[in-house]
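Chain naming follows the written order as A, B, C and D, and within any one chain the residues start at number 1.
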Amino acid sequence: MSAKRTYTFAFDCPDRVGIITRTAGLFASHGGWVEEASQFSDEESNRFFSRMVVRAETLPFDIEVLKRKVEPLAQEMSMNWRLVDSDQLKRVVLMCSKGSHCMTDLLDRWKTGDLVCDIACVISNHEDLRSLVEWYGIPFEYVPVDKDNKAAGFAKTEQLIDEYRADCIVLARYMQILPQNLCEKYRHKVINIHHSFLPSFIGAKPYHQASRRGVKLIGATCHYVTEDLDEGPIIEQDVARVSHEQSVDDLVRLGKDVEKTVLARGLRNHLEDRVLVYGNKTIVF
Amino acid sequence: MSAKRTYTFAFDCPDRVGIITRTAGLFASHGGWVEEASQFSDEESNRFFSRMVVRAETLPFDIEVLKRKVEPLAQEMSMNWRLVDSDQLKRVVLMCSKGSHCMTDLLDRWKTGDLVCDIACVISNHEDLRSLVEWYGIPFEYVPVDKDNKAAGFAKTEQLIDEYRADCIVLARYMQILPQNLCEKYRHKVINIHHSFLPSFIGAKPYHQASRRGVKLIGATCHYVTEDLDEGPIIEQDVARVSHEQSVDDLVRLGKDVEKTVLARGLRNHLEDRVLVYGNKTIVF
Amino acid sequence: MSAKRTYTFAFDCPDRVGIITRTAGLFASHGGWVEEASQFSDEESNRFFSRMVVRAETLPFDIEVLKRKVEPLAQEMSMNWRLVDSDQLKRVVLMCSKGSHCMTDLLDRWKTGDLVCDIACVISNHEDLRSLVEWYGIPFEYVPVDKDNKAAGFAKTEQLIDEYRADCIVLARYMQILPQNLCEKYRHKVINIHHSFLPSFIGAKPYHQASRRGVKLIGATCHYVTEDLDEGPIIEQDVARVSHEQSVDDLVRLGKDVEKTVLARGLRNHLEDRVLVYGNKTIVF
Amino acid sequence: MSAKRTYTFAFDCPDRVGIITRTAGLFASHGGWVEEASQFSDEESNRFFSRMVVRAETLPFDIEVLKRKVEPLAQEMSMNWRLVDSDQLKRVVLMCSKGSHCMTDLLDRWKTGDLVCDIACVISNHEDLRSLVEWYGIPFEYVPVDKDNKAAGFAKTEQLIDEYRADCIVLARYMQILPQNLCEKYRHKVINIHHSFLPSFIGAKPYHQASRRGVKLIGATCHYVTEDLDEGPIIEQDVARVSHEQSVDDLVRLGKDVEKTVLARGLRNHLEDRVLVYGNKTIVF
């Protein structure tokens, strides 16, 4: 991956002859150097998906001008599209509960430059991780979400997310279910890590469910949050081998490694605009 | 694995102090050389599981005498137990439909000595694989199972299984659901390969289900067949990575590799008496 | 994967602005529907690699005409290129020794349509697999390669390969080292499966080497054969987990599964013209 | 895993009839409840390996008495043996350089109780990780190891290791080669993580080597350090899939996940006395 400034153009549209030529041609006609290009034609839906990364320095104008040049083509082709500037880091709000494994992992990746984003703040319904988060110089917002007071908690949460101008919300083992309006407001921008290989073991205590069923692999799933619990578009999954020797506590421990790795991979793909959602599925370039 | 004659003693019983000492001691007191030993204590159920492999040549008597010597201990300890002779090959009946990938794979493993058993016959509801099976010198029994005539088909199937004196029945992508009485009669002796990572995608067309859900891994599950479809004790599972690029046809093709490998591993473990069933779970030593 | 007729255009050339536009544009200008397109820019070598699959039916002329239209562009861009017709199946010569696991696997994939090619013949220095091969209706050529008579054996081998007009030679656990002139004559067309995770354990008896070193994973490598033993460009690799419990015989047995799967994947990629060689490395689209 | 106090007895000795009976019997005769037991007979060397975990509370005496009771048997059987008390946490000295991924990971596992040990101190030849380490309340010792001054640096290092009474030294991406005398003094107690799938890519810059060779998987190896660089007994290994798309920088980034996971698994096994070394290989129970 180049650390140079790039513009990433991601889109989908009805499939037809000449899409690549026209879009690549638009960049080329202004001298734009495409350093990465991916395409996918979905035969079932007859839809075309693409992601192109152009070196900013090779274009004679800025991204706003480029957007205006893309617009007519996008309209003609009926594209859903976005054009993003690598210098405009996405603002990420992390949400967590008491467990530290995903947070420690994400924060180290962020600090060492493997996850390129701004972490605007961390919101948690517990104080446990405050000190860790603040060590990284990130604001920590404690927002209790009590059984009897969920509405107030989530109102406060929403207000903070707005104030911190979040582009992306990551539920890093946040143990609460987000209210529907928040899911809709940040559609395809809320990323969750579920501690099972979905669609197996939806809902609470998936490792207990896995142990009862006697599976020989456990997994984790990174997905966009939608109004249907654990049913949103899957970004990334992975598994780890287990046997009869592992108790539920062992599954929880072994699962942590899968959870943190899968979440980091999924988030990275999201941050690099590699993920296109169509229906309830993702294309990950 | 030694090719020498061995006796395998597999059992489970309520956990208590001294089980290993007593069982290992029984063999040792007659000079029996234990070449493999595995134990597992399940804290939840307070149950003990073990498998020991003894070299036959080191004992001064045959397996029938050994059984009589084991019996009092087994009774005292309330064991479920079996003692099997490596020279008594298990008689396996393979059942298949049209697909050849599992059959080709199993037959080659059998012919080259990687799966140590007698294949008594192959039963199929289609003629497609007759020639392949007969090339291996194995009887091929064609038993159509029509929608309108299932009872007759399965009566014939059961008769054949009995006549061929099956110790084990393998559903190598046999596309029919066995009747309940057969499942019960051959409890923990009927092995199926299901083409999904159970408990995801139970029932028909799991690759279609997987494609619709947009999972990033597909899997296969080898399990004992019980009266509840795809709910029996899991012996082995594995997965393969997929992406948006794979159509349902691709999933079917990629899944074949997982299916045949997982079935072969599960069957091998069964044949070597490495699998102990407890409740709806397996211990695989 | 579509079963419709397609033309696959694979090339590499010095990187510059506009390559995608020009090549995709060439197809689009004649109405050609690109159903798959992959690109890669190697920053280190400043070289561009691509593979495009066009639906034949959408072009108003045949592949010979298309080739003539591609030529000027290819020359201008200094491309290494090939344009292949999915209806022109590649002619594959399989070479084997005594071991059947790779052969059984490849032949079943071929018979069931998962490997799309013509298998021209099988050449072996042992008679063991004749009957299996002939069951599939494929000519079996026995060419002994004795210690004292290698030159004659390989002269006969080369003659057969020429007579059968091989496009591709697959060493499916053929235990002999091909002579240098044959490697050069069929450069990047001879595919071998080596039974280790290269570059570990080059040469003879890799499972013995692996056992001595005490590795916790064993592997297999599918690569193009060059004049340097086990040093050619790697197409595909995979591994399997092992432990202290596995003897060398167990490693050999477990390794077979990795070998046959890796060989089949590598060969499939080659047959679909997904593999581009550059220096001693491959791009696999 | 039980959190109750346990004694772990690990040993190897020449194989013979009755070892299990005698050792298990010794515990049973005093009422000792064996909650885990593993055995392995190595046919090649005719050596027997075992690890047994006994619940301390079920024995009527302490570990010192138990040791005295084990001694005569151990002598008779010519055992290499150890008997360790779960309440006596191993004292671990971590050594690192600038990279934080392994350290962050280990420290979080330690803090959350997944790695059960005392971390005596961290020794580093750079100051970069001081603040992180001290946040966890662990002493940080800066010991520069300059090209011109290695002897002094390692003398200081050795002195610290002694002062902190280390039972185990972990090179968590410490980029220096330990002097031979230190390796010998702490034989099978110094654990390193090497950033390749050994024996591939021994020595410096393994990801560069991997990229040049064009491998399709990269790996990491956790091993005991011996006087031969990267040649010590392997405890654990794993791999991650890569393709032509990954630059060396990408390999470095992807490799970090493998490194930290493999190191944590290997260290955990060491801390639980699951690893027995024999020759240049390990048995990992």
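Throughout what follows, a contact is a pair of C-beta atoms (placed from the backbone, for glycine too) under 8 Å apart; a residue touches a chain by one contact, two chains touch by 3 or more.
These are the chains along with the protein names UniProt gives them: A, B, C, D = Formyltetrahydrofolate deformylase.
Only a predicted model underlies this, so the values are computations on that prediction, with no experimental measurement involved.
By number of C-beta pairs in contact, A-C leads over the other of B-C and A-C.
A centroid comparison over C-alpha atoms places B as the chain most distant from chain A.
Chain C and chain D have Cα centroids lying 41 Å from one another. Note on chain placement: the centre of chain A and the centre of chain C lie 37 Å apart, centres being C-alpha means.
Among the residues of chain D, those in touch with two or more other chains are 43, 247.
On chain C, the positions that touch chain B within their shared complex are 1, 100-101, 104-105, 107-108, 111-112, 114, 131-132, 135, 247, 249-250, 253, 256-257, 261, 264.
Those residues of chain D whose C-beta lies close enough to touch chain B in the complex are 2, 17-18, 20-21, 24-25, 27-28, 31-39, 41, 43, 58, 241. In the complex of the two chains, the chain B residues touching chain A come out as 40, 42-44, 49, 197-201, 213-217, 219, 233-239, 243-245, 247, 280-284.
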